[in-house]
Amino acid sequence: MRLREKLERGVYSEAMESFTLYKICRIKNKWITDAMSEILCTFLLALFVYASGAQDILTRGASSSPSGRALASGVGLGLAVYCGFNASGACVNPCIALMFCLTGKLQWKKWPVYVICEFIGAFLAACLTYGIYNELINEFDGGQRQVYGMNSTSHIFTSYPLDGISKRSGFFDVFVGCGLLTSTTCMLIDPYNAKTASGVIPVALVFLLYGIIMSFGVHTGAAINLTIDFSGRFFAYIIGYGSEVYTRADYWFWVPPVACFCGTITFVTVYQLMIGNHLPMDEEKE
Amino acid sequence: MRLREKLERGVYSEAMESFTLYKICRIKNKWITDAMSEILCTFLLALFVYASGAQDILTRGASSSPSGRALASGVGLGLAVYCGFNASGACVNPCIALMFCLTGKLQWKKWPVYVICEFIGAFLAACLTYGIYNELINEFDGGQRQVYGMNSTSHIFTSYPLDGISKRSGFFDVFVGCGLLTSTTCMLIDPYNAKTASGVIPVALVFLLYGIIMSFGVHTGAAINLTIDFSGRFFAYIIGYGSEVYTRADYWFWVPPVACFCGTITFVTVYQLMIGNHLPMDEEKE
Amino acid sequence: MRLREKLERGVYSEAMESFTLYKICRIKNKWITDAMSEILCTFLLALFVYASGAQDILTRGASSSPSGRALASGVGLGLAVYCGFNASGACVNPCIALMFCLTGKLQWKKWPVYVICEFIGAFLAACLTYGIYNELINEFDGGQRQVYGMNSTSHIFTSYPLDGISKRSGFFDVFVGCGLLTSTTCMLIDPYNAKTASGVIPVALVFLLYGIIMSFGVHTGAAINLTIDFSGRFFAYIIGYGSEVYTRADYWFWVPPVACFCGTITFVTVYQLMIGNHLPMDEEKE
Amino acid sequence: MRLREKLERGVYSEAMESFTLYKICRIKNKWITDAMSEILCTFLLALFVYASGAQDILTRGASSSPSGRALASGVGLGLAVYCGFNASGACVNPCIALMFCLTGKLQWKKWPVYVICEFIGAFLAACLTYGIYNELINEFDGGQRQVYGMNSTSHIFTSYPLDGISKRSGFFDVFVGCGLLTSTTCMLIDPYNAKTASGVIPVALVFLLYGIIMSFGVHTGAAINLTIDFSGRFFAYIIGYGSEVYTRADYWFWVPPVACFCGTITFVTVYQLMIGNHLPMDEEKE
């Protein structure tokens, strides 16, 4: 009955209700469905980020390019948001979840759950990427997992600063990159601002991530999603890259997470105080 | 009368009803119109996939690039979906049709018809591509159709695993690639999820296919549409590439179809059980 | 009064009605406004096509690429359609205008006016492009306008078949390319098909042209808009490239126009007979 | 209460009203909110323009490309417009603000305020870009800021004409580039033309800027936003590039601003007189 109504509104004129996956095992507890949604969305984003990096790095650019890799990562973000749009809201990033809390779109008590699920999702994506690219990685580095040098592959899963770059520049770069990501997402979903038609926001996010990676991607490889950086690094550690994934570049590993949170708080506050809070509300127009 | 109404709603203020192709030879049987639509849509997609591959391969990258070829293939998918949106739904892929059946958007008994039409459409596209690129192929390989080597051109029409890659990695790659294609399409058209504005879904599909090819295209050339792979291989066989198109890489030819179906069932089930089935229905909000 | 209403619906809350260009010199004759619109739209498209070609050719790829040039041409098409959307409909191509007539969206008696205006618009764009790129062309060819050879620049303005390609292959390539352009445009604006949200069609057209150029651009440089090809060739002739622009490749000049018309009629008829004419009309659903 | 209503219309089902940044410090004075919005929007655009240029120049193309840089700049424009859409309207350019005044969308007396804010925003973006890319610039030029030569970096912040190009060609190029930018923006937001769905205009602007840079970017590096050019040049002057930033190319610095204004007035007038003023108004249809 409900299915039929749904299909009449849609493009397909007929349907059998016999054997389908449709609406079986329905769960109504928002905590559980939000958690599952956040795991799957982060998994999707991280899968595209890791795999597009692997395709570029392992073919030494023959099958991709910095631009192609950036756009594929952006596509991952767009798809992740389509995926969880009406479920958990698809934060896919503890910083976006923090922005949701700061602007009153998410309860503070739910934040830890979102963060844990995001780490799980990104870790699963790292596992799957490694499963697919296992053979090519072996061919690339001769079976010897390396963190340094021409044949290193650990930057598929995590980030390091460019050689010769100080921690200060790296911090600042991630600070701005993640701040831009969260503040522009904040303005995109602001219900009093551009009032974007439904389904267009994920397309805008594809370009947003592309723009950030092509503008602030050179110092650190755009380590602006701390979950992808952190879970990927942990995965690389346990898969055999050794503790150098943590010690390289003078214990760089703690910089992206800290920079991400600082950037988020700074940029979102600036947007809200300069534009967001002063936008005309609907009844004022009338 | 109806035409005038239609045009008044549209952008064009005047029209003659004299000599036009408009609504002549109208057929109302859904089986026939769906079949014709599915042939034409798959033809469109396959034409862009084959031809963009030919332009890249035959000019050895001078007139294209991996990124450009991926985006052109994505455009083919987007156009195919615009083409059949309100007719057959533009599955253009037996796996998408399977996903439609699994989620109750298509009757199971229509599935075989869709699949047959898709094979026909892709085969016609291979014929047309060969007709256009005939001379350039001759120039490229000296008139000697080859499946192996620098001057081989059979990968315009079909796929092989990368040299040195095992069947297991290839299977796994197609499994994930096709699974992502069908599950993300499933979430895009889910009427309870992002509720995308009409006409935006095909644009999202352009990016979706681009992202998959740039992230999971290195092992097998993204053999994620089994019709394009299968019909193209059959066409290459009868056009003179010989039985090597089937035997190359240890009878690789059966892997993509099997991997596609397995990936589709796995990923669509995961999406439905983790997100799709728990989405709030409209009356619950009220 | 009307302005105020307009602005209240828009995003801007205040406006002076004193000195503006708004709605002065209003003309209501549809023939005149359609003609002006068609000139300006074709001018816009042709300007992007010529200039993006010039930037690629004159820098020998240093400031552009086949992919970048194709996307810039697509952007020109998208902007041209935004420009004339609610005026003449922005055909910008005699073949699109023919498709409009064939499907009842344009009166047959208006077709010659559209075509003449399109030739004028493209010619003006060629003049402007030459004005801007004059110095760079002089630097490129040493002031000696050439139709053949490494330093030839006439393919900024018009098309020739690839060396070694027969007229038959070139004809066939343009036939399919232009047919795809017109038939996919036909399905995009079909009011009974995807019902695309307003303003999304031009974005889809950006990708459409990109896809065609990246898939069918190698034989002839995608000579799929006969106005741009014809007016550009005529401009090159009078500016001093000599009669070789017409005689090169065995009087190739007449092939693109003929192929465009044949392709349009074939592909649009196929779309209408296979899908367009059988789409469900609105009252049938009720 | 209002927040809850807002969220019920949105995608998120629950929210706490306790600690949020939401609607605190509300300012209702349109002059102040417009000024803040214009500063932040121009800052956003300029940040992407400067930083994407820096990433391309400082890695000598290894991490970017002309095409990637152009698209990243376009993304900056799109985001800036999303940011200020419902606040100041996001002119981000004195020429766009002039177009707003000319077509009655902005009061003339507000124009100077917009212009001053735009210069401030672009200047702040130049500061931030320099802060981030400081170390890489030092590595690139050995700490010696240069305006000429292989290791010059001043073209991150501002523009010069290509070597061997006369001021006339440069002027003409900027004239057309900026004219296209403002006139196509004018047609995109024209409420009687394409009536683009909300939120799609910024996506179209991404492509618009991309197209202009890839078609008219070779003579001057697309100096079509005079604020970015002027503020960036001033910043380069005070940061130690010396007065050569003004004297290079025979005092080129004054050309882009003048060319931008001339181009804007010419192209916007042409659009309004050829199409804009003759568009059918809504009541005429009824």
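Each chain gets a letter, A, B, C and D, in the order it is written, and its residues are counted from 1.
Just so it is clear, a contact is a pair of C-beta atoms (placed from the backbone, for glycine too) under 8 Å apart; a residue touches a chain by one contact, two chains touch by 3 or more.
Note that this is a predicted model, so its numbers are computed, not measured.
Student: Can you tell me which chain lies farthest from chain C, using the average of the Cα atoms as each chain's centre?
Tutor: Farthest by centroid: A.
Student: Determine how many degrees of rotation, between 0 and 180 and to the nearest 5, align the Cα atoms of chain B with the equivalent atoms in chain C.
Tutor: Superposing chain B on chain C takes a rotation of 90 degrees, nearest 5.
Student: Answer with same or different: of all residue numbers used at the interface between chain A and chain D, are over half used by both copies?
Tutor: Shared-number fraction below one half, so different.
Student: Based only on mean CA positions, could you tell me how far chain A sits from chain D in angstrom?
Tutor: Chain centres of chain A and chain D, defined by C-alpha means, are spaced 27 Å apart.
Student: Once you find the CA centre of chain A and the CA centre of chain C, what distance in Å lies between them?
Tutor: About 38 Å, centre to centre.
Student: Residues of chain C that touch two or more other chains: which are they?
Tutor: Counting only residues that touch two or more other chains, chain C contributes 13, 65, 67, 85-86, 197, 200, 203, 280.
Student: Taking the touch rule as given, give the residues of chain A at its contact with chain B in the complex, in rising order.
Tutor: Where chain A meets chain B, its residues are 2-3, 6-7, 9-28, 33, 36-37, 39-40, 44, 47-48, 51-52, 55, 58-59, 62-65, 67-69, 71-72, 74-76, 78-79, 81-87, 128, 131-132, 134-136, 139, 197-200, 202-203, 206.
Student: Can you list the residues on chain C that touch chain B in the complex?
Tutor: Per the touch definition, chain C meets chain B at residues 30, 65-67, 70, 85-86, 89, 100-108, 110, 162, 164-166, 169, 172-173, 176, 180, 184, 187-189, 191-197, 200-201, 203-204, 207-208, 210-211, 214-219, 268-281.
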